[in-house]
Amino acid sequence: MSLFFNYTLNGISNGMIYSALALALVLIFRATKIINFAQGAAGMMTTFIASSLLAHGVSYWWAFVLVLAIGFAFGAMTERILIRPLQGKSELNPVIVTIGLLVVLEGVAGAIYGNASRGFPAAYSQSGLTFGHSRIAFSHFDVFILVAVLVLMIAILILFRATTLGLRMRASAFAGEISRLLGVRVGILLTLGWGLAGIAGSLTGLLVAPTSSFGPYYMDLVLVYAFTGAVIGGLESPVGALIGGLVTGLCISYVGGYLGSGLEPMGALVLLMVALMARPEGLFSRPAARRV
Amino acid sequence: MLRHLLFATFGAGIMYLVTSNISLFDNYQVGQIASFVVVLAGLSLLTGVNGQISLGHGAFMAVGAYTTALLMTHTQWNFILELLSAVGAAGVAGLLIGIPATRLKGPYLAGMTLLFALALPPIADKWPNTFGGDQGLTMTTPNAPGTLSPQEWLAWIQIGGALIVLVLLANLLHSRYGRTLRAVRDDEIAASLAGINVARTKVLAFVISAGCAGLAGAFLGLSTGVVNTGAFPLTLSIQLLAAMVLGGTGSLIGMVWGGILLVYLPQWSTSLSGHFNLGSGVSAYLATIIFGAVLIVAMIAAPNGIQGGLRWAWRRLPGSGSGVGGSGSSAAPGAPTPVLTDE
Amino acid sequence: MLEIKDLSVSYGAVRALRSVSFEAQPGSITAVLGANGAGKTTLLRTISGLVRPRTGSVHFNGEELLGRRVETIARQGVAHVPEGRGIIEELTVEENLRLATLWCLKRRERQTAIEEILELFPRLMGFRHRHASTLSGGERQMLVLGRALISRPRLLLLDEPSLGLAPLVTAQLMGLLRDHATGTDVTVVLVEQNARSALSVSQHAVVLNLGEVVVSSSAAEVAADEGLRHHYLGF
Amino acid sequence: MSYRKSTSGWRWTRALVAGAMGITLATTVLSATAGAASTPGVTSSSVNIGATVPLTGPAAPGYSEIAPAMGALFSWVNAHGGVNGRKINYTYLDDGYNPANTATQTRKLVLQDNIFADVGSLGTPTQAAVQGFLNSQKVPQLFIESGCNCWSNSKFPGSSGWQPPYTVEGKILGAYIKSSFAGKKVGYLFQADEFGQDFVKGLDQELPAASVVSRQNYDVATLAGPLSNQMAALKAAGAQVVAMATIPAATALAMLPAAVIGYSPQYVVSNVGADAPTVGPLLSAFAQKGGATAAQVAAVGGLLNGVITDAYFSPESNVSNPWVQVEKKLLAKYAPSLYAKSGLDGNTQYGIALAYTFVQALQAAGKNLTRAGLLAAIAKSGKSFVTPGFVPLSYSSSVHYGFQGAEVIKLSSTAPPAVTPSGSWIGGTAVSPVEVTNVGSGPVKKYTGKISAPPKSLSKSA
């Protein structure tokens, strides 16, 4: 029972991380209908920048904020420079471009920062919370992960649901041409979507780095599982990304714990297949997506 | 389909001249290109012609390679039979993935196949006594006839296999079934109204495509001589998709370009980065940067892949007709291939 | 005033519009009529910037519209109601309306404007927080029209507003349109296959065939010309 | 239409294949083999050798330093006239730890660059993929950088390992656990591949089965985050000693979540997984909180302090050791950029020592250099090669393992630290005598022979 408890906590903290990156994928998919395979690598790159800032004496929280801003700028630039020229052509091409970007970013990080292993600090203590006399497998930092991801998620939801900017963003994502006819500057809003995704990606990078082998490739598997979560959640819904990521994290933790770590991806695959057999467009697909 | 055959014979002739005049290492690489052409041709059929994306073809290759290797380890079967078993086993795997795939749209299918590519290799690692673990299983090519070098002989087997696959697929694409595949890609509802069994068509496309990947996996295993899971990482599946798009989605001949890129692009990148006289570590990473940059630039500069670009250039040539001697190319240049879209 | 001169549009080898010229006056409705494939929709899409023509010019109140972005043209008071599904199904009725006010109305005025439109279409009142995907065909058309009117356009481009509507609803719509156009200085271009009801509310009519202007004259004259009606308008 | 046509396609295809076979058979007459001329890769003034190593990819951290460090020693040799008048040209290619790439790069080295021998290539799956090829081409596959038991195999006479086999390490550490932590419950955490399984084989030979309470593993290909589940399971099983066959990243990813749940067993870690300059930075984050710039030294002392591991040559922290002094000078002079970046650490030490072993093999093979001669020289005099190792190499005609002994050391914050450009890291002190054993069922016993000092030529001119 106590093992189950530990596996659950571990699944939640990993799941929240998958949720954050899944949210980034969802924001981009909503805006431009492509999967950004470079999303994890972008977070990796900005975390390396954070690492450099920290080494130069910048305080953690300043670095944190700066790097989220850089993530925003990087996401927006990617859309403008690499994705925009391919609009209206084959849908596969921009995906290949993001794969190319992934390779380039990992190469750049390797070339600049080298192969030496390095650590990355956590925002809060990594010792587990104590209840009575026992310490549980959930640290202060895990609490921070939970809070940070939820804050981001809620901020995005408020933006979408309660602001006119969000209304414009939703409209341009759902119906670009009609929105333009209504005077909405769709182009800039798609860029904005990529920028927001950049923030989510950077945040994920900062949250994963302290508890992983921080290096050019540490986000690769996170991206795969985040993609799983996003697909399960329906690719267009931020809430779906949250639930999908969480479910994926829990599934992987249980499978790894009870059946062995080599079966983790197989567990995720089975989960994905079951979810998609029930709902081929994900659990939180828009009702309107299924046109009457 | 005589044209395809003439073309293949022509190709075989050229390849004969090439293989007997190049070094042993070049023979090895030409054989690798041929192996990649086999898997890319299958992928091109699935993605370009039938509109289903796969990020898991590396895993189908692993299925084929392990099947042949296991048969070589435990049986005395005929070599051709062992290769065909790779096609069969990978085809069955394709069936298992293809059936659920019929209900999924582009990005959802991409997610499922990506996980498949990640999930399969650790399964083999779970039973090292059966699958050989890190040391893997040994694969041997039958002895070369006469004094032909093993490299040349293997290259011949691989090139022959690739030509056979290309001819079969080209015939298939020009048959009624080829039109069925395309009809399903273009509009599933219209296709089903026209009496096409959409689900069966899609599953069959997956099976054929996976079978090709299985054969390619066995071929690459023969090149290496040993099969272990490290040779089928997630990046392989992703590179296959990139090479397919770079070659020219939907074209079969374009897959030769794709194969050449898969084999030579990393080497060109490495030798190019070597000119900058950087430390070994930086230089190695520079090679990957060049590789990625080529992907990006190529996609922006030649959105329809190399074959699409060539066709475009051919049509610009003064006095040229429209018929290009490509086999089984289907996607018109400029026509978007709806794959990763939700609309 | 909308002045269209020598407008030609091609899709690859297909010529959709050939040297089309006509004028549309403010405070009146100009009907653009013709069979399927005559180039009516292309004409509207060119005016609103969605399609780039090969040659020609489109002036509205003396300003050249061609070459500007779709959203810039929209912000000059051009409201284009596209054919078919002009609503954004994923948004609620109210959000659909609000979207059209964002560039032209101040924050405080928006809600008032929305209420005005909802009063104009009382049927929509009860659905204001529903997803637009739940509306019926007639309700959708009301929403689209309401959304076009809310920005108080100076040029209103309507593409087949009566498509798929019951005759009674069509009549209501047309009546509403006529009241709106004649009461203000808005220029209305109405593309219709249902020529009879379009002519009944229009002052001016342009008949297109295979991308060319066949006739451009007053609506009454067109309606009276039996040969024209028989050949191109199907009634 | 299609069915008939495609059957005819089939027939045509068969004809084509038959034709192709015929052509191929005909050509066999033409391609005559070149007569066995001089040894490939060897001239009177040079010898070309090569290797494949991970310079990029997830396996590159740390390991990418080994080949350049070998290059430094070869530069020293070349600056002093080479071996028997031959300069050593060392080409190492990146395989990204992917066996398919290894296969290609190795064929490039052998078939195109004509290397004399493959020396110091890294990895078990990667080198297993080319073992057959290299042996069939009669190219020596020397001093493979892996502790797999598979390198000493009569089927592959040209292959040999260098570092202690993982089973030997497992036996030595297992024997230490049995004697020093008698009666305690032991848990395993191992990588689910040859490395982990061979290591566990060694542990199991020494430890009573009843004392092992939990066996956890992880798959390196899917190693993404902390190994929280494994550590929770070990804690739940009550393991007081945790023996780990882990790569450095996995060591950190195991210790971190254990610390989260307040689980602090006695860690016993394989040599690979306890390299302080590699593991240290990953663990340093544990003590660092937002905004804090805690000294890394202190941080490392925290979790690595008290960890038991083994060493088969004197670690870089032992600055008074003459080998360490020589290695440091050599690296600084012949690979200054590498020295500036990584300094002398376990990996660069490893490279220098391995390269020096090969130089001696070349010397022993004599002026008339052939591949068979080189292998024979290693089998004959490999035991007497001078190395920094605590025990001599154990090469013979039938044994192709290098070192089969080590001493157990304890990482301790009171020991002299290892100083590298990335910071100073926890050092270690010996807690056992040097011990030897073998891959098989031989006992773990105390080594009584002498430990060689660096030869004068090296210490003077470096």
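To keep things simple, chains are lettered A, B, C and D as they appear, and every chain counts its residues starting from 1.
What we mean here is this: a residue touches a chain if its C-beta (ideal position, glycine included) is under 8 Å from a C-beta of that chain, and two chains touch if they have at least 3 such contacts.
In this text, all values refer to a predicted model and were calculated from it rather than measured experimentally.
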Third chains touching both chain D and chain C: A
Maximum centroid distance from chain A, chain identifier (CA atoms): C
Centroid spacing, where centroids are CA-atom means, of chain B and chain D in whole angstrom: 34
Intercentroid distance (Cα basis), chain B paired with chain A, Å: 31
Rounded Å distance, chain A centre to chain C centre (Cα mean): 43
Residues within chain D bordering two or more other chains: 55-56, 60, 64, 192, 219, 222
Residue list for chain B, restricted to those that touch at least two other chains: 118, 122, 125-126, 281, 284-285, 287-288
Residues of chain C touching at least two other chains: none
Which chain pairs touch, all of them: A-B, A-C, A-D, B-D
Complex interface listing, chain D residues touching chain B: 1-3, 5-6, 9-10, 12-13, 16-17, 19-20, 23-25, 27-33, 55-56, 60, 64, 67-68, 92-94, 97-100, 103-104, 107-108, 111-112, 124-126, 128-133, 148, 150, 192-195, 197, 219, 221-222, 337-338
Residues on chain C engaged by chain A in the complex (per definition of touch): 48, 50, 69-71, 74-75, 79-80, 82, 86-91, 95, 98-100, 102-104, 131, 133, 147, 151
Chain B partner contacts - residues on chain A that touch it in the complex: 29, 33-35, 37, 82, 85-86, 88-97, 99-108, 110-111, 114-115, 220-221, 224, 227-228, 230-231, 235-236, 260, 262-266, 268-269, 272-273, 276-277, 280-282, 289
Chain A-facing residues of chain B, complex: 47, 53, 100, 103-108, 110-112, 114-116, 118-120, 122-123, 125-126, 234, 238, 241-242, 245-246, 249, 281-282, 284-289, 291-296, 299-300, 303-304, 336-343
Residues on chain A engaged by chain C in the complex (per definition of touch): 164, 167-168, 170-171, 174-175, 177-186, 286-288, 292
